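Below is a structure I'd like to ask you about.
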Amino acid sequence: METGALPRIVHEYAVLELIVISILNGVLFGMLLFLLSSGLTVIFSMMGVLNFAHASFYMLGAFFGFQLTKWIGFWPAFVLAPLLVGAIGMAVERYGLRNTHKHGHVAELLLTFGLAFAIEEIVAMIWGRSPVDYRVPALLDFPAFTIFSTNYPAYKIFMLAVSVVIFVALLLVLRRTRVGLIVQAALTHPHMVGHLGHNVGRVFMVVFGVGSALAGLAGVIAGPALVTQSDMAAALGPILFVVIVFGGLGSLPGAFVASLVIGLVQTFAVALNGSLASVFGPLDAAGGPSALSDIWNVTIAQVAPIIPYLLLVIILIVRPMGLMGTRES
Amino acid sequence: MTAAIEVRAVEKRFGNVGIIRDLNLSIAQGERHAIIGPNGAGKSTTFNLISGHIKPTSGEVRLNGDVISGLQPFEINRRGLSRSFQVTNVFARMTVWENVRSAVLWATGHRYAFWKNVDSLPEVRERTARILEDIHLTHRRDVPAGLLTYAEQRELEIGITIAGGATVVMLDEPTAGMSHAETERAVSLIRRLTEGRTLVIVEHDMSVVFGLADRISVLVYGHIIASGTPEEIRRDPKVREAYLGEEAH
Amino acid sequence: MTTATTSVSGPAANAAGENLRFYGVWLAGVIVLIVLPLVFSSGGSLTSFSLIGIAIVFALSYNILLGQTGLLSFGHAVHYGLGGFTACHVMNAIVSHGWPIPLPFIPLFGGLGGLGFAILVGWLMTKRAGTVFAMISLGIGELVASSSLILRSVFGGEAGITTDRTALPRMFGWTFGPQIQVYYLIAFWLVVSAIAMYALTRTPLGRISNAVRDNPERVQFIGYDPHVVRYLAYCFAGFFAGIAGGLAAISFEIANSAYLGAIQSGLVLFATFIGGTAYFFGPILGAILVTYLQLGLTSVTSVWQLYFGIIFIGIVMFSPGGIAGLVMMHRPLLRAGSLWTVIPSYLVAIVPTVALACGVILVIETIARHSGGEASAINLFGIAFNPKSPATWIAAAVLVAGGFVIARLTWRRVGEAWDRAATVARDRGYLA
């Protein structure tokens, strides 16, 4: 079958197609990750709290988006849902974290852990545990362009555009505004945050709110493209933590690079069907099933879920501070 | 006799900023040496460099003739150098007794042992009890360290520092924030407890410095401008200009 | 001021009476374990006791990390699970090779399984403490849990690895078929592990772990490498978690990927923290409570996990010392004789607090039934509420709002009464 010239050309096209589509999808996933990891990084740098519930805010964004779309349409939901999530985030900071602060960072981390657990249960209670039917808005439900034989959906281009716009906006805010300067100062000199003056509480609340709103926005736009389900936070959360440890805790550029790396690696891994067996030939069959044969025959697509964690282990061995981290803890 | 501490051409930069430049210091065995200098002169940084808390950018530090710069703090400690901290740095949730006992365990050879009952090690118990007596905290032995008064915590800090039996003891502003009476008590405590050991002390209170030290080094902008006996330092014009003159105003 | 020493039991000043009381508590525990199945002998309660016993060992092992060494792990179930898998494989190997190893020794192999993995990954994991350790433990947990589904020959895929505990060589003629025999096996290992873990807290390593928890920086200046201390503590925690996993494997005769997963890791964190990490008996209380709630609530409500989350958040926010911390807070006041002055304000505060709790339960159950499309009545302390009736909603709203406002006021009163009582205790030398 593979001997003819035509199939080979088709095959090469297929490889090229796979690469282009995977790059697009990978960058898209990476940008989504950055929407989340940027907020998480800034919150961690300023407040010393690793917000375990960050992915839960992302999930809330998706479900609010779904519900509001049903009631008032996608576009109003696109604006309102992130604001709602941001408001919830501010309330969590004001009434939860601020009171827990005196008990130390472990207590704060545990509070957000409990919140993540509770939010998942509340979402499951209200919307059930199976995926909800959160659809791409009709306005964007068409193929944007056709590449080789694949139709690339316009909605994904929209997602990419939104992420890029937010990315640019974040850059501008960080470079040009007073709050941005404070955040930058906090990133480089975390110990100085305490000296910001008496409105430090409000700065924290706003930063936490904005971070949550960004997570919510990521949820609203990702919901229709991915699966909107009550376990989506638990699935994404650990990857998010890998991203920020991989990039270096407290480093925004690190979070950006790590988001893209993990986004691309994950997407390519899922798309590839190769295994050690397909490259080096089957293992001597006489051995029967063993750990080695498991590893030999597993496809890259099957190991995709563990690749981020393998990367985490590798970076910890090679560079314990993370890609661009400068801080010990 | 080799010097207890020998600092040779040590530099420390944070980024492009040189905090310590060309630092040279020699402290003889059994000497009581005070390091003084205006705020921000780098006294605590010097302490951190010697005790291994931070690593010098260049230069070397020797303890009893052996190079210790580049070693981990616990390795330096095991070689007989112990230090206290300017900001009280005790084990807050553990009792006074346990604080001191923790500092005794390595030196008595029990290390990471997980097969011995820590309460039935006679030499540990006796040594801990003796140190508690020495720092006048026997009556507070079962109080968590975090609940002690400030002066008591400073005394405990000294107790932890000397508990391991280090031959070189470094105290970072041991009387900071104490009342006059408390300071006097602390000085006599320090004098008694560091008997026969080498003492390096950073201190702001000049009466403490001149009362306690055999020799004094004056640190200004990360550089030692003078080193000598209290009399020599008092007379040194450079010191008067750079430091004591300033203090008088 | 000398009276202060009498308030807390000093290790060196262990009077004979003190010793007696100490051994008395342990002896009482053992007696309870022996007598319990004689009093509650139904199959269901035996299974519950077995589960609780396993949960206690697991929670105590977790507290070696969290309470003793200050390491917050989100992946402790990895060692529990690997202990379980090791136990299953060893049991199957014993049966197929005919080795003369009876069942009671199996938990030891579970422990070695947990220890082995701890030795392997612990050094890397414990390089740093705090948030970074927490994140890495989460990552390693996910890595192992996901890998277990790939390495099918070792972990048996979705189905897991099954075994038959009765096929092993017998000891004292026990087949370990009946649940009561399994219960006593678990009780035995519970006692052995608890004594071992308690003893560990009283060794040089145990005390230095506390020092690392309190102040890792300072530990370096008393001769210790905090990394080594954390690593050793991690290995011990892994070992005892493995024992718990081995017990679970014996009890269920199966090990599967759920043993290793995030939910199991989360549950042990909940149990330990709710019980209280500052006292040795805290995790015991927590494991009993959480397992009991887990078994009890599932039959009463469909959203029992949500209640877990809420209880946990409540403990983190209002009583970070857990139940044990809450109980022990009262000890100096009890000794000083000033506790009784606080009781009335407690009694007052408890009423609106219970009202608030009832309101929250009513809200949750109403929503749960509404979205579940279910119309069964909500039974709250014998009162039936119709989830569709507006009266229920109004009652819930009134309970929540009113309970909240009044509870805040009354708890402020408790705080004031507490401060007065504490001053008395301080004056009498029972409180530092």
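Order of writing sets the chain letters: A, B and C. Residues in each chain are counted from 1.
Please note the rule applied: a residue touches a chain if its C-beta (ideal position, glycine included) is under 8 Å from a C-beta of that chain, and two chains touch if they have at least 3 such contacts.
Note that the coordinates shown come from a computational prediction; the quantities given were computed from them, not determined experimentally.
Farthest chain from chain C (centres taken as the mean of C-alpha atoms): B.
Taking the mean of all protein Cα atoms as the centre, the chain whose own Cα mean lies nearest is C.
Taking each chain's centre as the mean of its C-alpha atoms, chain A lies 32 Å from chain C.
With centres set at the average Cα position, the gap from chain A to chain B is 48 Å. Between chain B and chain C the centroid-to-centroid distance comes to 42 Å (mean Cα coordinates, whole Å). The residues of chain C lying in touch with chain A in their complex are 70, 72, 74, 124, 127-132, 134-136, 138-140, 142-143, 146-147, 150-154, 262, 266, 269, 273, 303, 305-306, 308-310, 312-313, 316-317, 320, 364, 367-368, 371.
For chain A in complex with chain C, the touching residues are 44, 50, 96, 99-100, 103, 105-107, 109-111, 113-115, 117-118, 121-122, 124-128, 234, 238, 241-242, 244-245, 249, 289-291, 293-295, 298, 302-303, 305-306, 308-310, 312-313, 316-317, 320, 328-329. Contact residues on chain B toward chain C in their complex (touch as defined above): 51-52, 72-74, 77-78, 82-83, 85, 89-95, 97-98, 101-103, 105-107, 110-119, 121, 125, 129, 139-144, 147-148, 160-161, 163-164. Within the complex formed with chain B, the residues of chain C that make contact are 1-2, 4-5, 7-12, 14, 199-200, 202-208, 210-211, 213-215, 217-225, 228-229, 232, 236, 278, 432.
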